[in-house]
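Notes to accompany the following structure.
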C-alpha cells in the first residue's frame, strides 16, 4: 500500500484527534460546564437588566467560547506533549501541514459543538430570540470557531513548549482574535435582534477573510513551528 | 559603527529633540480651535509614526529570518519590538492626555487608537514569548512566526474596528493646515526618527551581545576519530 | 558500484543553547552492522540518535542515511529510520491496537499488519485498555511493535533495556536478534554493556559529545 498524501493523512489524524477528545470526554463535559459557568458570571456581573443582557448576548456567547478555547487548545497539545507524540508523528514521517489541518479542524469542531450547545442556554437564560434563519447562526458559529482554531492551533503548539504556557497562549491569541470576535459577536447580535440594515453579510465577509488569511498562515508557518 | 559616531549621533538626536520641543512649544502658532493643547500633537503623532515604523521593520526582519536565519536578524527583531512598544505606549499616553481636555474623555474607540492599543498588547505578547523560551534557536523561529502573525493582523484589526465604529458616530481628528504647524510636525518627526535610531541601535547591540553569550562555542578540541563499523 | 553505507556522519556537532551535546562526531556504519553506543548520561548518546533519526537538525556537519542527505531529504530519510526513544510516541488514552492502527494508516499499511505486529510482540488483540494502564514492559513492547510495523532498514534503539525485568530483557534481546537477522542496520545505546557486546559487532564510546573509539 502506498503512503497517504496530505489530505489522507489529515483525515487519519483528524479521526485520531476526535477519538482522543471522545476518550477524554469527562474533560469535554467539564468544558461545557465551564462555559455555562462563564455565562452565569457575565449575567451576574452585568445584570439584572434583562433587556441589556439580551442585547449583549452575542458578545457573551463569543467571550465564553474564547475562554473555553484556551482550555481546549491547551489540552489538545498537552496530549501531544505527554509522550512526545508530535515528534513521533513527524518521524513516521507525516507532513507537518497534515498535523496542523487535522488538529485545527478537530479543535474547530469541538468549539462549534460547544457553541451550538450554548445557544439554547442563551435562549433560556437571557430570553434571546433567533430572528434570522437558523442556518445563518450555525454558519456564523462555524466560521467563528474556525477563526479561533487556526491561530489557536499555531500558538498552542508554540505555547506548549514554553514556560508559563497557561498564560502565554491567551496572551498571544486574544489580541489577534479581536477582529474575528468583533465580527462574530456583531453577527450573532444581528441574528438575535434582526438585521434591518442588511449588515450581516459584511460581518460574514470579514470573518471569512480572517479565516482565509489565518488558515493560510497556519498551513504556511506550522512546519517551522514544530521542526527542531 | 564606531563609538565616536554613535555618541555623535546621540548628540545630534538630542539637539533635534530639544530644538523640536522649542519649535513645537514656542515657535509654532496655537491652534485656532484647541489652543495650546494641540501642541501635544507634535510629540504624539511622531511617536505613533515611529511605533508603526518599528512594527514594519519587525515584520520585515521576521520574514527575512524565516528565509535565512541569522542572530543579527533575531536581535534586530527583538529591538524593534521592544522600542516600538515604548514609542507606542508614549503615543497612546500622549493621546489620552490630549483627549481629556479636547474630547472630554481619555479614550475613544477611534479605529487608529484601538488598532494601536491592540498592537501594543500583541507586541507585549511577542516579548513575553521571548522571555519564556530558553532555547535561542526556537525562540528566534517562534518569535519570527508570532511577529508575522501580529503584523498581518494590523490591517485586519484596523478595518474591522473601522467597520465596527461606522455603526456609531466617528470622531474626526483635526487636520493641521497652517504651514508653520506642518514644519513643526516634520521637524519633530525627524527628531523622533533620530531618537528611534539611537534606541534601536542600542537595544540591538544589547540583544546581539546576549545572543552571542548564549551560544558561545566551547574550546573545541576535536577528539574525534572516524569509526568504521564492520 | 558499492552501495552507500547505512549511516554516515561527517563532523556533526549539535548545540543546545550554550551547551554542545555533540562535538565533531564522524561515523560510518555498514549496512547490516550493529553498533553499540556507550557513554555516561549526558555524553550525547541520545542526541546522536536523534540527529540520525532527523528528530533534530545538527548545528553543523553532514548526516547521510542510505545515501540520502538528511538536510536535503528529511522525509525520505525518516521513512528509512525507526527510533525507539525514551518517549514512546504513543497516546495514553488510546489502546495499543488503536495506536498501531493510526501508525499503520499513516504508513499506508493494512490493519492486519498492525494486528500482526501487536501479536508478534506478545500483546493481546483483545486488550482495549488505554496505554495509560500499561506496565513499563508492555510499553516497551508496544514501542517495539511500532518499530516492527514500520520495518525500517535502520533501527536506532535508545536505552531499550531500562525498566525491564529479566524476562523482558531476554525477550528484547531475542527481538533485536530478529531485527539483525532481517538485515536491519542497528545502533544500540545502552548501559548494559554485556548484553550490548553480545548483540553488536562494533562499539562507539561518547564522552562529553566527543567520540572515542573503544
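Read from first to last, the chains carry the letters A, B and C; within each, the first residue is number 1.
FYI, a contact is a pair of C-beta atoms (placed from the backbone, for glycine too) under 8 Å apart; a residue touches a chain by one contact, two chains touch by 3 or more.
Source: prediction; values computed, not measured.
Trainee: Can you check which chain pair, A-C or B-C, has more C-beta pairs in contact?
Mentor: Taking the two pairs in turn, the one with more contacts turns out to be A-C.
Trainee: State which chain is most central when centres are taken as means of Cα atoms.
Mentor: A
Trainee: Roughly how far is chain A from chain B, going centre to centre by Cα mean, in whole Å?
Mentor: 31
Trainee: Averaging only over C-alpha atoms, locate the centres of chain A and chain C and give their separation in whole Å.
Mentor: From the centre of chain A to the centre of chain C is 37 Å.
Trainee: Would you kindly tell me how far, in whole Å, the mean C-alpha position of chain C lies from that of chain B?
Mentor: 48
Trainee: Mind pulling the residue numbers of chain A that touch at least two other chains?
Mentor: 228
Trainee: Give me the residue numbers in chain C that touch at least two other chains, ranges are fine.
Mentor: Counting only residues that touch two or more other chains, chain C contributes none.
Trainee: Touching at least two other chains at once: which residues of chain B meet that condition?
Mentor: Where chain B meets two or more other chains at a single residue, that happens at 134.
Trainee: Please name which positions on chain C make contact with chain A in the complex.
Mentor: Going by the criterion above, the answer is residues 53-57, 74-75, 78-79, 81, 83, 85, 87-94, 98, 102-103, 105-110, 130, 150.
Trainee: Across the complex, what residues on chain B touch chain C?
Mentor: Per the touch definition, chain B meets chain C at residues 134-136, 213-218, 220, 222-230.
Trainee: If you look only at chain B, which of its residues touch chain A in the complex?
Mentor: Touch list, chain B to chain A: 66, 118-119, 121-122, 124-126, 128-129, 132-134, 138, 141-142, 144-146, 148-150, 152-153, 156-157, 159-161, 163-164, 167.
Trainee: Which chain A residues qualify as touching chain B in the complex?
Mentor: It is residues 151, 154-155, 158, 161-165, 168, 171-172, 174-176, 178-179, 182-183, 186, 199, 202, 206, 209-210, 213-214, 217, 221, 224-225, 228 of chain A that touch chain B.
Trainee: Quick one: which bits of chain C touch chain B in the complex? Just the residue numbers, please.
Mentor: 11, 15-18, 20, 23-30, 33-35, 201-202, 204, 210-213
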